[in-house]
């Protein structure tokens, strides 16, 4: 479970009955139906030769928390059955943990009782629940015009040049491209890299960037539950994520204070920062600028190339080859997951921030200490 | 508050009565006295011309939770009074928020009621509580021979070449150097950079690396509370931190799966990874290899160089210069904070892991489904 | 959600798709199958003329967290579809909130978006999830021989005389009686009272007592999360519960310290209390004696007798009569719910207690303060 | 720690350095100074011969979270040093656990490392932190005219006849009486009982009733975090509390539905209940009527009369007599604690409720499903 007021718990396994999510604390009256969620889940499946051949129909069922097309305010559960399952491969390799996967650690932690098929709860498939919850979260954010856009900025050595704008055409640019990279020129080069990696039986890493527009000043709960802290926690729990940076991030290690600081200025009567090197967050609190961060994803660990591992029965070194169905670059499929998770964290902090707002005028009206 | 079983809450302000920490769930019987904590707090003060001239004596007082030199099992509070306080500068600039600081966002979020002196709760001084709690956490980790080492690996463009080893002489190498960089040759170059920045009235960013030895396989609570998730959350809450990466981190974006995957092998009868590109964590769970991550810190935002900001009364653009007492590179002072925070997160996950261990033999003994 | 290590979230509505439960933190390897859960759910249906005519088949489906008959250590979801639904009555009365029900408060709190049919999330049907989670919890408790027994001790003015014993025949005595009262002589009188109430179109209140055997000394986490605190929280969340007392409870208000105190003595070489007036808990911590508490349930609010309420459209006083399907005494159906909830809270505290146990010998071995 | 948005953690020991409280999530701008808190703490000391001779000056110090007389929005810590300490008695009896106290369970749970002097963290003294946090909570509640009154309704067999009213003169009636019982006629009889018990070296149990006025409809977070659930959890954590009942409570076990149900009616254009048998809560949600509940406190366990216990060194039966300084009836001193704890729980739920309010008009404005 994550979250304080908007609390999200995902469940399910790659090759079990299905995957899903439970949301506690969702406000009532939010329009929600299975069709809308299904459309959001579609985004996890870029299609094309570049992605996993697993063809889930991903028909979400709302099990509770929605009545006549609106959320009820009660616990909300969305469940997606697994259908297109072929577990034969996993039986074969169950004693030879795949390098880069959680097979080995899960076996040790869960004393061998874990559902090892397809990675079980460590599979990327579990992110279906995140995307479903994110669909709900986005509806709530839209009440405050807060919008989240995630997209690919880097695959292998190739970096895209992207100027994010807060409109639907930018979102279409992202999702019309199978790589979820709105710089279509660079996306072509990335696609070439991906095809080459596929031919070689290999996979590639990548970076997903996220920008959030219209976040009010004041979201975040320092000193220990800052907005960046909670975003970092969420992002690092996405399978394959190995790092996160806000604003200029790791570049700041090579910069001077005079270059890095975002100066305050007035624009159209509003106080804004002249630059956004900090990614819209100061001291764990949103500062009114767009929130920007980047999450790095390792290359898909399952590859056709032979890899060394240990047979846990014989405790001997053996060679395995990936034969399951996998994307050549998990960063691409992570795009909607990053976007959804961001929305989830933002709704939780939005609600926490809203909790104080009705008090403001009453408190400011307390003239003297009584 | 962070943590589930070992719960830590920091409090205090830069220029208020003091700073401190409350720990709930600390096991009883851990040896603890104020002298030991004072020594750990000393590490926050590298000394030399390179760091803040503020000279706190930092005498910790244990207010509760320790009886006759051992923890009682009850809530533990450590408090450090502020003494060497000069708030005059802050009165002067209270309406001109410093670029790169939380001054502006705190004023908006807290409707002007925040203690703005020295940054209030957003000040680096609040990390005293983290270091104090980390002192307790390290004692608990030592029962399992788990040891944490943090150190500077990069300042400005200069990268150190460090081979961490799990022994006291490595720790001494870190702390005998005023920059907390165990590569003394490179540390000299870094020092030159820092002196130049100081002369120019500027500051520098840096990267703190952390390695943890002897973590058992199995710590971490996926799918939403992985060990890396909780470490990321903690690190991003340290003032000035703007990113974190585990293992090879952002380098993985330019790598292939065949290069990135850590193969499993047998060494001295134990299953280990041949490389440690993943930084000791797979799928949110520790894999028995050393845990390695890097946290980037922005340059100290307060600099002597003139900077633009807005006067919040007149809403006009003005120029300010930092005159408070500040380190030229907060990454250096962050070293013991990163180390302490890591220990805190690890103890929480160690306890969560331990909760299942006594069950293991009983469960494995359940032969058939009853 | 309740719980720290064994975290339970229930969901669902009376007349929606179904009801269920999500458990996070369940240890791996616990034998579990749908048949066993179905049997536990059977206990919610005492049958006979005394209880609600609603005939749910209550076929539980495990949606995640179990693999080959054992828990995996991942999130566990159990779902029970609603089948025998007749919502026609509720359409009719949707604007005339039933006295004693949550109809009115739910409508206000959820701005009219709540699923009002059958009480929605406020229905007793939501306790299906509790009983299902309790089934899992009991399996874990059984590893430590901890056993929970709940039963009716009072209906209307009639009090049973019960000597609880820790064996299967006592449990059979409880469940062989349709009133869940192991004092069969008194149960007959209670049954008479119930029949009379039914004839009069009325309902009766009652008290459920619970005893837990073999709880080790030391469970509970004071000062704010004592074992009694967490039990009280759980019990008061059962629909219809209006109070709880531990040991002699409210009788203690009329007693002297010399009568109330449980003296310590030695029996069979073990330290035990001579009496158990405190119900097995001192200062929030289990003391090794059986844990005993009583929960009072109000009479079923839906009755055939005419009752006054307000028509929310016309804002006029109107008269309604209950026509839904309801038990004449919800205390009876609450028996397995109380038992299950007790098991859930105990597992959470057992795990929290277990987390410290492996440390004990290591800490006691720390000779001097190092 | 308890609470979700208004999070309160108490700390300290009876005979340690002091006692206190940490509050996270307190809104900014609430007027607060040490004088006001001191006055609230005074209420814990009814004075007269009826209460403990321990004479703490109880000078609260605000260690953080207040700036220029207003809360800052950051973590707030209030600390009260222990001064009037005489621990000699406790050394003497440290191996002979007092009946009715937590001495024995604490020793077992904390492996003998607990601060046993004066009961350590199990002492009633730890409630100082609750009263201090309650002082803050009441200030917040007053912004919504929510007011809490707690008072004694029963001591030994004697029951007071009280008609609570929401005004200052009712509060003065409570606090002008040393027994905190606003029925002065009955209070005299209670006082006689107490004097007799004192003469006999004994102590008495009692019941504290609480009424809360002006709670809006809608506070509470069912199905698992209802307002009554959270109040019950809080109350049961007060030392000596052994039960709680809402509204008619245990009387409901002997009532019929037609008698118990509170009918809805219209009064002055507002929907209200004709009776308040449910104590202002339906299905875990406040219903707009005054919230009423009663908490039973056992007799003070320490008495001068001889009692049996076990010497833990020799494991032999021994006789002890209480010689510490204790109230003859802890219920009396618990009155302000119950009141404070109630305020704390209500603020937390008020904030959770407020978090949804700004959304309401936006959500109701969403015409169609978009």
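The chains carry the letters A, B, C and D, assigned in the order they are written, with residues numbered from 1 in each.
Following the convention adopted for this analysis, a contact is a pair of C-beta atoms (placed from the backbone, for glycine too) under 8 Å apart; a residue touches a chain by one contact, two chains touch by 3 or more.
In this text, all values refer to a predicted model and were calculated from it rather than measured experimentally.
Undergrad: Using the stated contact rule, I'd like to know whether A-B or B-C comes out ahead in C-beta pair count.
TA: The greater number of contacts lies at A-B.
Undergrad: Would you mind checking which chain's C-alpha centre is most distant from the centre of chain C?
TA: B
Undergrad: With chain centres defined as C-alpha means, what is the inter-centre distance between chain B and chain C in Å?
TA: That gives a centre separation of 44 Å.
Undergrad: Between chain A and chain B, what distance separates the C-alpha centroids? Give it in angstrom.
TA: 25
Undergrad: Spell out, as numbers or ranges, the residues of chain A touching 2 or more other chains.
TA: 1, 9-10, 28-29, 70, 74-75, 109, 111, 121, 223, 363-364
Undergrad: Name, in rising order, each residue of chain B that touches chain A in their complex.
TA: My answer: residues 1-2, 8-10, 97, 99-102, 104-106, 108-109, 111, 119, 121-122, 126, 154-157, 197, 200, 202-207, 217-218, 220, 222-226, 228-237, 239, 242-250, 252-266, 271, 273-274, 278-279, 282-287, 296-303, 305, 307-310, 312, 315-317, 331, 353, 360, 363-364.
Undergrad: Quick check: in the complex, which residue numbers of chain C touch chain B?
TA: Those residues of chain C that touch chain B are 4-5, 25, 27-31, 33, 69-70, 74-75, 140, 143-144, 221, 223, 351-352, 354-359, 362-364, 366, 368-370.
Undergrad: Can you list the chain C residues touching chain A in their complex?
TA: Touch residues, chain C against chain A: 1, 7, 9-13, 16-20, 22, 24, 28-29, 61-65, 67, 70-77, 79, 109-111, 113-115, 120-121.
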